[in-house]
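All remarks here apply to the structure that follows.
Just so it is clear, A, B, C and D label the chains in written order, and each chain counts residues from 1 on its own.
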Amino acid sequence: MGAANDWLTDKPKEECGVFGVYAPGKDVARLTYYGLYALQHRGQESAGIAVGDGRQVQLHKAMGLVPEVFQQGDLDELKGYVAIGHVRYSTTGASSPINAQPLVFRYAGGMLGLAHNGNLTNVSELRARLASTGSVFQSSTDSEVIVNLIARYGQASLVDAIMKCMIDLKGAYSLVILTEKKLLAVRDPHAFRPLCLGTLPGGGYVVASESCALDTVGAHWVRDVAPGEIIIVDEDGLTSLQGMLPRRRAHCIFEYIYFARADSLMDGFNVNRVRREMGRQLAREYAVEADLVIPVPDSGIAAARGYAEASGIPFEEGLMKNRYIGRTFIQPSQDLRDLGVRLKLNPIREVLAGKRVIMVDDSLVRGTTSSKLIAMLRDCGVKEVHLCLSSPPVVHSCYYGIDTSNEEELVAARMPLEEIRRLINADGLYYLSIEGLLSVFGERRNDFCTACFTGDYPVTVPQPGKTGKFSLE
Amino acid sequence: MGAANDWLTDKPKEECGVFGVYAPGKDVARLTYYGLYALQHRGQESAGIAVGDGRQVQLHKAMGLVPEVFQQGDLDELKGYVAIGHVRYSTTGASSPINAQPLVFRYAGGMLGLAHNGNLTNVSELRARLASTGSVFQSSTDSEVIVNLIARYGQASLVDAIMKCMIDLKGAYSLVILTEKKLLAVRDPHAFRPLCLGTLPGGGYVVASESCALDTVGAHWVRDVAPGEIIIVDEDGLTSLQGMLPRRRAHCIFEYIYFARADSLMDGFNVNRVRREMGRQLAREYAVEADLVIPVPDSGIAAARGYAEASGIPFEEGLMKNRYIGRTFIQPSQDLRDLGVRLKLNPIREVLAGKRVIMVDDSLVRGTTSSKLIAMLRDCGVKEVHLCLSSPPVVHSCYYGIDTSNEEELVAARMPLEEIRRLINADGLYYLSIEGLLSVFGERRNDFCTACFTGDYPVTVPQPGKTGKFSLE
Amino acid sequence: MGAANDWLTDKPKEECGVFGVYAPGKDVARLTYYGLYALQHRGQESAGIAVGDGRQVQLHKAMGLVPEVFQQGDLDELKGYVAIGHVRYSTTGASSPINAQPLVFRYAGGMLGLAHNGNLTNVSELRARLASTGSVFQSSTDSEVIVNLIARYGQASLVDAIMKCMIDLKGAYSLVILTEKKLLAVRDPHAFRPLCLGTLPGGGYVVASESCALDTVGAHWVRDVAPGEIIIVDEDGLTSLQGMLPRRRAHCIFEYIYFARADSLMDGFNVNRVRREMGRQLAREYAVEADLVIPVPDSGIAAARGYAEASGIPFEEGLMKNRYIGRTFIQPSQDLRDLGVRLKLNPIREVLAGKRVIMVDDSLVRGTTSSKLIAMLRDCGVKEVHLCLSSPPVVHSCYYGIDTSNEEELVAARMPLEEIRRLINADGLYYLSIEGLLSVFGERRNDFCTACFTGDYPVTVPQPGKTGKFSLE
Amino acid sequence: MGAANDWLTDKPKEECGVFGVYAPGKDVARLTYYGLYALQHRGQESAGIAVGDGRQVQLHKAMGLVPEVFQQGDLDELKGYVAIGHVRYSTTGASSPINAQPLVFRYAGGMLGLAHNGNLTNVSELRARLASTGSVFQSSTDSEVIVNLIARYGQASLVDAIMKCMIDLKGAYSLVILTEKKLLAVRDPHAFRPLCLGTLPGGGYVVASESCALDTVGAHWVRDVAPGEIIIVDEDGLTSLQGMLPRRRAHCIFEYIYFARADSLMDGFNVNRVRREMGRQLAREYAVEADLVIPVPDSGIAAARGYAEASGIPFEEGLMKNRYIGRTFIQPSQDLRDLGVRLKLNPIREVLAGKRVIMVDDSLVRGTTSSKLIAMLRDCGVKEVHLCLSSPPVVHSCYYGIDTSNEEELVAARMPLEEIRRLINADGLYYLSIEGLLSVFGERRNDFCTACFTGDYPVTVPQPGKTGKFSLE
């Protein structure tokens, strides 16, 4: 889960979550609101909903969490029968209202709203090409580039225009699009980012980044959107087109490791089960001697349980999380800085004192939080701390929609394992092997993007080492 | 002054106010803030400031009054040496954050910010033309159309692009534009909406809709921007170009009657003096017998004083205004509805009882407020009420940047004077004649647009009777 | 009018305004809201309304202007048939939610709400006496002391308790009180602070600090509450008691000079007329040669007009006020500090240049604003500036409910007139004489408190030179 | 954990949490802020901090969560060396700013701030006694009564006054008190509500409702405050007095079942361990045949794990909780009402389908949520649902600081077990026996209040069946 307080966390950030619904006779704005609520973990910076009523598209979006952005009255004003929604992640600095989504545009073909999860790798080229012939850009989002491309191609049929766009777009994109009357969903040919389809009892279709959003609005999961597929929902029902030939599947493996909600079913796998299996595999790879297995909540819970099951070492909740950790928390001043991680997690001395502990987390990015956690455990009288991670070392940047740090900041890219272990003062440090990670997925082991571990990028990236962000402001 | 509480007022609405400053070494964001504060009467819906620092353009804008939109920290972040600002008016319904200005775009030539006062008459054609070749629009503002036009022409020189645009644009526009490094100001060849130029002591240039904004930031008034002129301010100082040949001057006469602040000097005339002279002329045209002249504050004060001076009838402040009337006032419920206008204006019985009163106001649009005021005066024992208006009857819609009501709502377009008089229950109703109004301006009497009184539109309008608003949402 | 931006003003502060209504079948909360709105000039720091419905008293109060404190829903929840309200002034520092009024208490006799305008001179003694026998205090308000006194005396009849209190209370108090079922109004025996009574058409009674509040809610003015009078309104109608024998009347003369709204009728005098007459008297006392009379808006307008009438010198609005000056305005930073007063008032060069000007204001407290105004006028080319004040020099602190500065800060107490004139750089400086001021009131000339001019305190004050504020926080 | 959205929960409400710190040289306001943050689960309605600096006591409090109530600047203004803080719970209706704590009073002995957790059973009598001799009350809190009692006794020594008060007070109270210079902590002779003591490294003392707050601010747990004990911390260090003779211990057993944070150590027991043991005991009492044990997160997790361990039935997280469930969530409209509990908890079909499930929760109050959860599980294809509760049936109201529903609303008081089982449509319904519950605490089994299960009230209660709330507003 993308974290609320950056100084307390050390995780990659998910870029976005998307949701779309076509359901005449239902309150589509409210369904989208609940859908976004279920996807809140995919983005806490901004939220937005666009609704079409057959004649026009209305939009409400702002910075903030879903329940902060929408008041009762805002939803009541968004009348219609087709809606899309978007949540965007939070990083320091580059956040701005102008980048909130969905984007809603009027073009020659009418009105169009678009919400995007993913990251294009050739957006600078596309933007330059469009600008050279007179396009202007108000935001730094890939989405605005996509909309301009659609508009350039869009004189005749919208679907034709989208198909032409797909040929131009490189990288990761799961799109939900609406017009005054239609809902569309598009997934790139590698299917980097998740997108699934459901039906509402009583009629209507829903698409969402994760199946937990379908569950929340009472929809039935039908299937994932296929690589390269375009789905169109309108008064004639659902139509599916193969917009591009599928390429080799490259589902983001970090969705399973960390991002996705545990209750989601994603491209054929239940996330919670996968995480537990990763923990089991970790235990198989490393037979650490210890008295207890404890998770770093919440992200390490499933893997820790798996580890405990496979190893037979007792599972304990040794670290308690404050459930009220929120966004606007005042940070400790310099003299209280060492309180840091204590505000979020509290070790239970009665459980831990005198014990040899295996602490399980999903990943290690910069190492700062782990270092503080281990110091805190030692304060409680823990005799040994072994940190087990249910992912391999992250050594490469992502260009497909995840905000890992730059390579210079990735601790595993800068120093050997033994040095990291000393840095965080662990008695042992164990990463799940790539082989072990992929084994969890069985015969589908080749369907995933593992670029952040291996540097094997399924789609050419602009310039390794740079994220190539376009900064409008 | 565009009014805060629509239900309490019956005045045309000004569309906008603009401000720009180029002043290396000064806090240009703060100067713009104070400038907009002085122009707040021109728009209370939204406010925004864009600042260039040589490398980029930063933007902050939101719905609300200037001091609501900007907090100290917002201004502190807007570092640079060139800035533009905008205030936008408030109407019910069509208001939306997406229409707030300035607009800031990135195009092939770099970054561009634009703020606009006025209204184009051919914006639908321009938008359609641009859309047909792939432009997209996020707002319903003329400004976005102008920016797209500039981008289409803008491969070479920005000034060349602006000159080409001016050939395309029909209607009223006073523009302030910035790039990362430059300030530009543009006024349409008829000079419909005001725009003036000043210098800062110690160096730097300022442009603003009204001279009161120059005064407020301590700038010295230099001159009005000329019809069709383009002003460029950059490191080489100020350059002036004649972007288009000037057409016949058509300054909006309602600026003098109602909109502009009384302390502004506008196209050669001090607004307060003009208003007083209108009152004197009104007295010359109608020698009404009465005991007192009272103004409807604040808009009728100057004319009432003029009327009193010319007629010799004593001037009294018979209606007191609550200075705290603000935006968020809770409206009276049905059973208290008759309190209505009392919350804003209170008649002084001691002054009024038993008197024959000439009440002077600047204009009458729908007649609803006048009707309530007269009833309130009669309650106080006023014997006779004669309503004198310092403008002719408003019988035509404006297409150049003023939100008069539709013609169907203009009471003077719907019924003869005698009927209006009965409707509002006045003993007399007197409009300043057009001839009398123009006589106030002496030999410059032909330099004004009087279309709302005469239907004589200086620039062809789309379809009489329709305001032709483009509604994105 | 107590000013919004302290750094822009140099006026004494009014402590409070009070309002009460008893009107079964009417929306008393909303009537009180409008009444407070009309009294907003008497206090901008906090606002509150308490409502009784026969069974209980409900309360809503908070920091801020009336329309900020109350939202539609807040009023809707305040159901009942009797209500009181209060607005409190704003000073720097000592403002706190805990001091907002009305206060609502439960005591042995039931529930009681109280709102107070004025200042007790023996509050420290009373508080000490109560504390010594076990009372506790949450605020620094006189009102809490009064309520505790009532509770101590209040075993039998509330009115008896109030009469006993009045014997103890020294100083100025205009009180409105409610119980679950009754409205009471009390005025001290000197009648320092104003309080008047009205009736609602269709039934019901209203009391208010000023008659403008009666007008605003559509009530008819009946009379002022008499010195020492207790008014009780309940199901038996209105009862009047003489709670204490009246002492010599000592109405605050500064209400007429500055505080009260011009449209109020107060203890027999229309405020606007009194101010105009003060201006006339000023002209009679000082025959200054000049070309123009200009007011400092808004407080000097009526006196300036009187001066112009009596002197025959033309009246002009030479200084224009920005009508949008609000509370949250960001103050100029050091380098823009000289903009100061310009943000509020703008001189009109066309009117002023080359002229000898008489600038009329109501009073001069510290002299800082006048000094800036005169400098600004001289910048505009004014040849001579004569400052005429419609009050005598303020040389003593007030202990009866006005926040004049301490005597050390009162410029007229620190230096002779000629020195002040040089300090503010005026060509002439003229104060209305005390004799002249009182002459305005004719045979009622002895009914006023003039302590701030003369040091003649009608009620003994604690320690001259100290305001004796009790600071809880 | 007291729940944010009442419509989603069915749990008793904790009344409050308290915190106090004495630490010259440290930022006591900020330490209190973090301490309250750790206690946020004990109250989400309002929060407040009072700070003493040797001369005075300053206060900041408001409605809302801790990070909503305090901004950086608020903490910076609260300078001093002794502080107390309070969080208050949220119920519908009776919440009001006037009831927020701490209360700060000035009395004959100086200034006093007080924060209270608990509920007095004789508050009406005490209030009546005080009122009959002249005390007045602004709030409906017990705390105001306590402060008035202290003031009545407080002429000589504060500690003497507190000891006299303790003789008068009946019921539950854990108090933290400050003066300008001292911190005091008081616990009633039955020790109903928790209160513990810690020391800060480098000097200073901390008291808090739960030890998790000590951990969070980096304090070392020392001991629980003893029944009837008064602790005084001032410049002479810590002094302990036995204010009253201890009575039989009556620690609230619901703290262990539900309220307290799992990482707290309370009166000798680690909460998490106790909960797990309750689950084990439940398994011992009821050998239900099933495939899975799942908890209702978060409150049922520990007991579910215990149940799984003791029974050998696999533990699974079958219900996923949305971690972003917040306070301002818009509730589903009528047509979406059945989404209800789905917004908070999502069942994982892959885990549950076709299984016989034991769902473990801590308690059942009204039964509404359980009913919805079970329906949702059945929708997922669960074959059997057995609801196991780690507490006996709640059949009596609490008078010592917990907001259980009235007895009429307690489902277990209204109908036999079999009827409840049918109501919620469970295949089995099992409550932990009182005997089993107490067995968890071993030889200390008699130290707890079990009145809500047994009706055996340790302190006489006003009138069974009425909560006896005093309603000021």
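Assume a residue touches a chain if its C-beta (ideal position, glycine included) is under 8 Å from a C-beta of that chain, and two chains touch if they have at least 3 such contacts.
Chain identities (UniProt): A, B, C, D = Amidophosphoribosyltransferase.
Note that the structure is a prediction, hence the values are computed from the model and not measured.
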item: Centroid comparison with chain C (C-alpha atoms), farthest chain; value: A
item: Whole-Å gap separating chain A and chain B, where each centre is the average of the chain's CA atoms; value: 48
item: Whole-Å gap separating chain A and chain D, where each centre is the average of the chain's CA atoms; value: 36
item: Centroid distance [mean C-alpha coordinates] between chain D and chain B, Å; value: 59
item: Sequence positions of chain A contacting 2 or more other chains; value: none
item: Topology of the chain contact graph, where touching chains are joined (line, ring, star, complete, other); value: ring
item: All pairs of touching chains, each written as two labels joined by a dash; value: A-B, A-D, B-C, C-D
item: Complex contacts: residues of chain A adjacent to chain D; value: 1, 26-27, 30-31, 33-34, 37-38, 40-41, 65-68, 70-72, 75, 212, 215-218, 261-263, 265, 270, 272-273, 298, 301-302, 317, 320, 322-324, 326-330, 332-333, 335-336, 338-339, 342-343, 346-351
item: Residues of chain C defined as touching chain D within the complex; value: 56-59, 97-98, 103-108, 111-112, 128, 131-138, 147-148, 151-152, 154-155, 471-473
